[in-house]
Each structure stands twice: as C-alpha cells, then as structure tokens.
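Okay, got some structures for you below.
Shared between the two complexes below is chain A, which has chain B as its partner in the first and chain C in the second.
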Partner chain A sequence: MSSSLTFDAVSHRFGAEEVLRDITLCVPESSCVALLGASGSGKSTLLRIAAGLLPPSAGQVRIDGEDVTAVEAEKRETGLVFQRPLLFPHLSVVDNVAFASRMAGGSKAESRRQAREYLELVQLADYAQRMPGQLSGGQEQRVALARALARRPRILLLDEPFSSLDLGLREDMYELLETIREQLRPTIVLVTHDRREASVLADTIAVLEHGEILQHAPVAQIHHQPASPAVNRILGGLNEVLGVIRAGVHHSALGRITVAPDTPDGPALLMPRQESLQLTGAGEAPARGTVTQIRPSGAHTLVRVTLDAAADQERVDVAVEVTGTPRLSRGDTTGVGLRGTAGWVVPL
Partner chain B sequence: MTTVTKPVPSSRVPERRPQPSARRASVSGWRRILPVVLGAALLLWILLPLAPVLLWSVAGQWRAPAPLPGSWSSQALESLLSPEILQAGLWSLALGMSVAVAATTLGALAAFSLHRLPRTLSRIVGFLLLTPLAIPPFALVMGANVLLLSARVPTFAAVLIVLTVTALPYTTYMFSVALASYDWRFEEVARTLGASRVRVIRTVRMALLAPAIARAGFLAFLVGWSDYITTVLIGGGQFRTLPMLLGSSASSTGGEQLTAALSLAMILPPVILLAFLARWGARGRISP
Partner chain C sequence: MSVPSGQRSASRRALLTAAPAVLLVVLVIGAALLTALLQSLGFLPVFGEARFSTEAWADGASLLESAGVSLYLATASTALALVVGFLVAAYALTAGRGGRLVAALSAATIPIPHLVASGAIGLLLADAGFLARVLGMPEGFPQLVGDSWWAAVILEFAWKESAFVALVVLGGIGRPVAELTETAATLGASARQRMLHVILPLARVPLGVAGLVVFVYTLGSYEAPWLLGPVAPEPLSVRAVRLFGSVDLSSRPEAMATALTSVAVALAVIGLGLLLTRRSRRRSRAQSGVSS
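And then the complex of A and B:
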C-alpha cells in the first residue's frame, strides 16, 4: 500500500508571488515526514501539489520513482485529510468510508463491508449508520481518516488534521495514528504548524519558510543541530549565543564549549536548546549570570539569565528549562552550564 | 447635609423573590412556548384567508352576512375536470416546469460564473442580473414582445424566454447564497477518493447544493405557474393557462364558486411540490 514520494525541484507561483521555490524532498516508503512551518510558508500548497489538486509551476512529483506530475488527483492514489473532516453530509458514516470503493466501481454491499473494516480500525464500527452531524469533532476526524485509508492510498496526506481538536482528543488521535502506522505502514506527509505534533508523529521534519525548505532531518537532529537560527526558532529553540570558534572550541559568555572538530575558525552562533542547559551553583560553572525572569510552565520552569560577559564579549541572554520550580528569584546570581560536552554551532 | 440610608436587614424584607433556579425555569418555559405561539400565529395568518376560498368552492348559495354558505354544492369542484380547465392546467404545468428547468439551470451557471469573477466585476454583473426585478413587468413584457415578434419566436418559447428572464434573478441569487458558504474542499476530497470531475459534480456538488436547487426550482416554477401578464400579452390567447381562467372568472360577476375552485387548483400543485422538494432537500437523494 505504501510508496515513496519525491518532490524534485518543485516550484509554484500564484500570479507574481512565488509560494514554493525549488523544493526537493524525499519521503521514503512507510515513513512519516512532517512539513513544519508558519501560515503562508507554502506547506499546504506543497501537499495539494502532492495530491494532484494543483499542478506545480515547475518541477516534478514522483511516486516510487514514477513521474506523476501530470496524473490527475483521482488517479494518483493519495488519501487526503484536511483540518475540517469534510464528511459528505448527505451520506452516512459507512457510506462516507465506502465512497472510494464505490468510485472504483465496487458494489454497495462489498464497499460497505470494506468500509466497516476501516471503521473498526478507527474504533467507530458502532457508528456506521449514523449521519456525520451526529458525531463529535473527534469522531468525525476519525471517520475522515478511515475514509482516506479506505482508498488504500500509496501516500497519506494530512493537512493539519488535528489542529481543531482539543488537547485530549489530539492525544487520542496521535495514538490512533501510531496504531495505523503499525498496522498499515502507510507513507505519510503531515502538514502542521505545531512543532510538538511534528515531533510526536513524524520520523523526520522538513522546516519550510517563505516557500523554501530550510532543513530536513530526523526529529532529534533537527532540534539539536538546526541548520540556521531560523530553524532553531521554528523548532522552539530560544538560545543563540554569539562567540568565536578557535581550534574547535566556541568561546563566548557561556564559556568554552567544544564543537565539531571540522568547524572553521571565526565567529559562530552556538545554539544550545533550553533543555540542554542547566543551572548550577554560581561557583561551579564556567558561566555566571543574573536571573531576569522566571516563568513557570506546568512541570517545568523557564529561567532567563543574563550572562556576565567579559569586556570583549557580547552581552548574552540565555533561557534554561528546569524541572520543577527552582529556588531562585529575579536578581539572583546563578551558574549556567551545558549538559554534555559538545555544542552545536552555525558559523556566521 | 447628607442622608445615609441604612441597609434593611434581609430578614425584614417582606417581598419574596423567586429563587434563581425558579426564575430560570420560568424563562426557559417561555422560551419553549414562544416559538409554538408564534408558529401557530403564522400558520393562522397563512391559512385563515384560505377558509373563505374553501367554503366558496363547495358553496351552493352564500349570501352576506351569513357566516356560512346557505347550501352546499360540489359543482364548482367538478367543473375543474372540464376539458378546458384541464387543458389550462396542463399549459400552466408545462410553463411552470419549463421555467423551473431553464431558470434553475441558467441561474446555477450564472452563479458559478459570478463566483469565479473578480469581486468588483461580480458585483456589477450581479446587479445587472437583478435589473429585471426593478423594471415593471408590463414594460418588460411590452419591450420583449416587440423583439420576439420581429424574431418570429414561437409563442410558447417566447413566453418561456421572458418568464425565464424574470425568474433568473431569483435563481441566481439562491445559488449565489449557497455558493458563498460552499466548501470546495469537499470536491477536492472526493477527487482524491477517486471521483472523476463529472462524478464529483453528480455525487458531491449536486448533493450538497440540493437545497439550493430545490429552492431555486420552486421559485422559478412559481414564476411560470402563476404568470398572467406575460401569457396574456405575448401568448395573445393562443394558449390559456389557469391564471388566465382565474382572472377571467374573477372579473365576471356571480362566479365566486368557480373562482374559488380555480384558486384551489392554483394553490395545490405548488404546495405539493414544496412538500416534495422539502423532503428531497432534507434527505439528499443523490448517492454514489
């Protein structure tokens, strides 16, 4: 059922505005890639191009290596789920799920039988005879997912499918998608602006901004080794520490941090995530600073510290995420250190 | 000098206020009753004028100021089965159905085209489509008559063309309103589910727009079914419809029974059609 999907130098224009610029991206078979970006970054346009609903201005779309750019949406064998479930209101739940089979020429009885299997997969077999208006938002989205899966798509395209659901339902949907991935192993392209959702559901994340892919990498790597400050910010990273690389060591107000040995000497931004920093006693750490803000966030607290800088160094503010509530107040002096030994830098 | 009023202890306040829950119950009670009362009043408003029509249609003699007819007769109702009236009914039905089909189809096409135009142009064209409503029917028909006569258009077709133009603003408006809230992504989803463009129109678009089709078709049917001026002026008496018979009967004296019976014959088909369309629109009869 699953296939690989490749965007090969895909560009798209709406009039004079270029919304996608030279996108090259490979989604391996049975993997899940999240397209992460803000509104207007072009991620939904890319999904519509993948579905065959929009022809690209330039470039090619390949499924299993075969060029499908000119193949119409109804023949492309993709399944699409939007933010709104968009269940056909004049059809019952089972007939919504049976729609693809009916379009393929299946009999009503056989199509409904198959549809019930997919309704069982999304745990809604008991709701088969209901009309869409009789379902809750979460149930509607489950049916929409079942309907897309019943198409037996080579690629499953999800356009912010859970963003209108409340937090609890969203967690349920994440679990459901995990089950579906285990059982059917579909290739999934997920469009989202929620970095947590991308991290929970996807194997790799492609960060889009202004129609360009800034970086495509596995979830952990893209968080801890962002290719640019923009990627770092989109992934929720709060720290960019300006310093200088000398012989594989980054010198800044945060102290001397070892970086990759092949990093060229010169000015560079060290980008330790707030979760990678820790507060220590003022005397123990190579860097010291003054607490400027303490912001509780449930089980964690975000502490902002202005580091003491030498005369030749830039003043640096860093954010440190700590578990629980630290025994600190604004104005206190604290030490700040990096968990682990190596840091990640982007040369300037 | 300032006068300070002491607050009265609550235990001394003699009046009893309803408890909040009781007040809420009374408000919710009114909320339940009010729509029923208003609905009943509306029904009465519509049905009350029909009572004299119904009574006249089965009256033998009815002299004022008697509240009810002095004698009863089914003669007027029986006369509805006369060949002349049946023929007129068929002409009216043909005209109503033809206008409904033509104006609904053209209205849908016009609304889809308007929807695709840039906003400013769409407003201008929309305004132009509404102009037949602003022109007095007599003037519109006289102007069209000259044009259609010189073009040698057959009578029924000429009447149909003018009535379609008259009905077009209603049908276009109905579809424009429906399209304003229409989510085109339903069609995109259907296409990714394997539906061709033609099947998308049949199984999704028509089904989702079924209520608008029903409303537009019904209004256009009414324009054709109940028309008098166009049929008289352009038809020139070549075919006689129910409104023409009704007009002729109503203008003569002593024919109240027949006028009432013809009025009922005019009312019943649209009511039956409305009931059918309401059911069709609510259910959505189109399935894949």
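And then the complex of A and C:
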C-alpha cells in the first residue's frame, strides 16, 4: 500500500515572497525521508503541497510516477499529521480514528472495529470512548497518528508531530514509529528541525534552507560528508578548517590529512565532525594547540582548542567531543588528531 | 456536593458585582410589563375612570390567529436565516479569499435598517417591481408581496438575519475550524462531508443561540410584515402597533394585551430553547462518559 513520492521542480510563492525554489526530491517506496531545516525554511509549505492542501506555483508532485498536482487533498491518499493533534472535538477518540472510513462510506460498526485496531497499534485501545479533551498531549498526538494511518495512506506526511512532547514521550513515539514502519511499511516524509530526530527516524535526510534543498543523502553520509559548510552547520558540525590540497592531501594547522584522491589541488575546507577528532598527548601529535574552553554536557565534554599555526597558515579553532571528563584545564597544551585516516573536504 | 467556601464567596462576589445591572434590567422590564398588564386590564386608562375589565383579552380568536401568523413568520424566517447564514459562514471558512469576500458582503448588510431593506425587497419583488419587469413577465410573475404565504416578508427577514447568523457562527467557531476542515480533507472527506460532519456539529451552539435571537427579533419586528405582508390576518407586532397608534384611545388596552401575548410567546420559545440546549449538552456529556 505504499508508493513513491516525487517533487519535480516544485516552487511556491506567497505573493512576492518565494518560499520554495525549484525543489526536486525523490522519496522511494517504504522509505523515510526527513526534511530538516530551520523555522521558516518552507518545510510545512512543501508538506502541504504534497498533501494537496496547497497548489504549487510551479512544478509537479508525482505519486508512483503519476502526476497528482491537480488532484485534491481528499482524493490524494496521503495522510498528514500536523504539529498539533487537531482531533475533532465533537467526536470520541474511536470516532476520530474511524472518521476516514466513515467518510469513505463504511458502516459505523465496521469503521469502529477497524479504528480499534489502529488504536491498539498506538496502545490507546482503553481510551476509545474518551473525548479528545480528556487526553494528554502525547495521547492526543498518538490518536492523530492512528487517525491518519486508518485512512491507509500510500504516503504518510508528518509535520513536526513530536515537537510539543517531552523527551520521554518523544522516545516512546520513536519506538511507535519504528513499529509502524515494520508493520505497515508506509512511505514517510518527516518534517523536523531536530537533527537528532531526523537521524534516529529517517533513512535519508534532505536539508532545506531558504526554500532550497542543499543536500539529500543517507543519514551517516550527510553527517560526515556535508556538501557545504551550511549543511555541516545545520547537522551540528562545529569544525571548518581552511587549508590547501596538494596531491590528495589537505595541509592545514590540523596537519596533513589524506582526502579522496580525485580532489583537485587548491584551497579547501576540511570538515571533521567534533566526534571524529580526538585529543592526544602533546608530544606525538601532528597538530598541537591550547585549550580555550571546556564545556561538559552530561556524558560528553566539548573541548575547544586553538591550534598552533605555522606562519603561512590561518589561525584555526576546533571543537573536539570527548567521552567523560578530560583531565585538562584552560590554557593547557594538547595534541589533536583525526580518528581514522581520511578526511572530508569541500573545495573553495 | 459541597462547594469549597472560597469558591462560594467568589461566586457571591460575582453576584454582587452583577447586581446593579441585573436590578436595573429587572426594574425597567418589570415596570414595563406590569404597566402593560395593568393597562390591558383597564386599570390605567388614557382618560376616564380606572375599572377592571377583561374586554381587551375578550377577542381571543383574533389574538390566537395573530399569534399563529407571528409564529409562522418567525419560524420560517429563522429556519431560512439559519440555513443561509450557516452556508455563508461555512463558505467563508473554507473558500479562502472568495469566501472572505462573501463574508464581508454579507456583513455589510447588517447596518441596513429593516425598513430600508423591506422597501428594497418590495421594489424588487412586487408585481410591478424590478424583477417582474426585467424578466418581462408582469402577468406570470408569482405574487410574493402581500401574498398569503408572506414570501417577501420571510425573504427580507432571512436575508438580513442570515448575515447576523453568519457573523455569530464565524465568531463562535472561527479559525480552528479551518484547520479541522483541512484535516478532514486529508482524511478523504469531500467538501459536502466536511460541511456536514465537521463544521455543522461545531457550529451547533452558535447556531442555537443565533436562532433564538433571530426568532425573538422577528417575532417582535413589525416593519417588514407591515410593508410587505397582506392586510389580514395581522401578526402580533403589526396588530400591537396599529392598535397602539390608533386614534381611538380606547384600543390601548387591546394593544397592551397583544404586546403581552407576543412577550409570552417569546418567553415560551426561549424557555424551550434553553431546555433543549441544556438537554443536548447533558447528552453530549453523557456520551463522553463524564459524571458530574
């Protein structure tokens, strides 16, 4: 029952403001793509276009290759869960979930029987008779999810559905979404501004900024091989080390780091994630520097180091994430090195 | 059930704050009703001696007939106004820019006085009116003004009051409903289903309130039936105004009896309306399984 979803050169403007520019994105059948972007980057607009609630100014939306741009929302077979649950206040929980089936002409009894199955899936079968006002926020959101699933959509669109939930509940919802993916295998587009959520739930991440897709790649790849400094920053990368490529080696204050052999010579930014760097003894390291800041965050500590630079090099600050608490204090000298051997650069 | 003392004193304070206003309203209305009652019973004659008499109430058949006409007019006008007003509100909520235009147009009719609106409807719908001439059928044009079905009167009331209904419904349900109808669309509900299964149930309370107000208003309003209705039979409002303005000052008690009948009908309908809303509220609470 799942299908592929394709945006083909979709643009949208509200009046003179261009909110989406030439978006081309493919979501394969049964996969989960996260749309990651800051507030106002156009994520919800793109989702509303996918659901048929908003006609795009230009471009096409395709489901299984078929152009559905002109198909109305009620005929499009997409399920949309908004940031807020938006349950129908005049219907009980079970009737909310049975809504789609009732609208499709199902009998009351049969629709409710189906609805109970979906309520069981989200573990709210005991709450079937309640009214929406008598649920907690997390329960309401689960009902909203069940209601969308009960339509058996070919594509499930989730617009920051968990952003209003507390951390514990959010973890529960991640589990639930895992279960749903295993049991129903829907195609999912998940909108979020939380890169951790995107990484936990999605197969691939598409980074959206100012209405444009900067990069769309599998989760690990987009973290370690960002296409631009902007993508690196949006995914939480803290390091950009300016240097020069000569014969497949990046020379900078961080030392000599091998990069992909086909990288052209010239200036380039090395972008090692803070998790990919490590502190070493000052003696043996290819790069040394002075600790300028130590910021503990629970099980990890972020250490900022200003690297010693040769006369012809830029001064460089790097951040290193260390497990536990390092025996260092500000002003200490430390070595810094890359875990593994190859680095990722973007030519300038 | 015991009420916490803090809550009790709070509600007492609320009662005290409201007391001056309530007192004033009760005094004014009470005095007016009492005067009307006394006058209808011959106690406060314009001239001559005060003397108890039920003469003003004697023509019961004619009073009843007038009450019947009034009820028919108010019921038909209210029903039509509710339907049209709800459709306008639903359209305004779901049809984007075009919908807002319709809502604005409909709201623009609210400040037009009923007298002017009645005149306009008369000019439009009369046998020799604008529509009959435009359609070029002075003969075959249905009689709408002064007909036994009071068509022009009901149309005038429904037109003016539907704008009021739409405004109350829009104010009462507003923006959240637009989001809920979008949700319903993504769940496969057609435009008609969204109106019947989402907007209508949510608009029930505002529709009920607006319906009561419109009903009571049309019951008491006399301009439209006076201008656009047949000469006889008269609704209560027209009868009361005619008798009250009559050169024969001795018909004053009868005018008061007519007005009081109108008040009684209105009170009965309000009571019935409140009973129904309370029952439907209790039923919806029972459905949701809350005990109170």
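Keep in mind that, in the parts below, the second predicted complex is superposed on the first by the 348 of 348 C-alpha atoms of A that agree within 3 Å, B and C clash if a C-alpha of one lies under 4 Å from a C-alpha of the other, contacts with A are read in each partner's own complex, and residues count from 1 in each chain.
Please note the rule applied: a contact is a pair of C-beta atoms (placed from the backbone, for glycine too) under 8 Å apart; a residue touches a chain by one contact, two chains touch by 3 or more.
The model shown is predicted, which means the values in this text are computed figures rather than measured ones.
Enquirer: Since both structures carry chain A, what do chain B and chain C do when superposed there: clash or fit?
Expert: Aligned through their shared chain, the two binders clash on chain A.
Enquirer: Once the structures are superposed on A, label A:73 by its partner contacts, choosing first (chain B), second (chain C), both or neither.
Expert: It touches chain B and chain C both.
Enquirer: I'd like to know which partner A:103 touches here: chain B for first, chain C for second, both or neither.
Expert: A:103 contacts both chain B and chain C.
Enquirer: Please work out whether A:130 is in contact with chain B alone, chain C alone, both, or neither, and reply first, second, both or neither.
Expert: In the superposition, A:130 touches chain C alone.
Enquirer: Between chain B (first) and chain C (second), which does A:90 come into contact with in this model arrangement: first, second, both, or neither?
Expert: Both chain B and chain C are touched by A:90.
Enquirer: Under the contact definition given at the top, report the residues of chain A touching chain B in one complex and chain C in the other.
Expert: 51-53, 72-76, 78-80, 82, 84, 86, 88-90, 99-100, 102-104, 147-148, 151
Enquirer: Tell me, which parts of chain A touch chain C in their complex?
Expert: 51-53, 72-76, 78-80, 82, 84, 86, 88-90, 92, 99-100, 102-104, 129-131, 134, 147-148, 151
Enquirer: If you look only at chain B, which of its residues touch chain A in the complex?
Expert: Of all residues in chain B, those touching chain A are 183, 185-186, 188-197, 199, 204, 207-208, 210, 283-284, 286-288.
Enquirer: Name, in rising order, each residue of chain C that touches chain A in their complex.
Expert: 179-180, 182-190, 193, 197-198, 201-202, 284, 287-290
Enquirer: How about chain A: which of its residues touch chain B in the complex?
Expert: Touch residues, chain A against chain B: 48, 51-53, 72-76, 78-80, 82, 84, 86, 88-91, 95, 99-100, 102-104, 147-148, 151, 153, 157.
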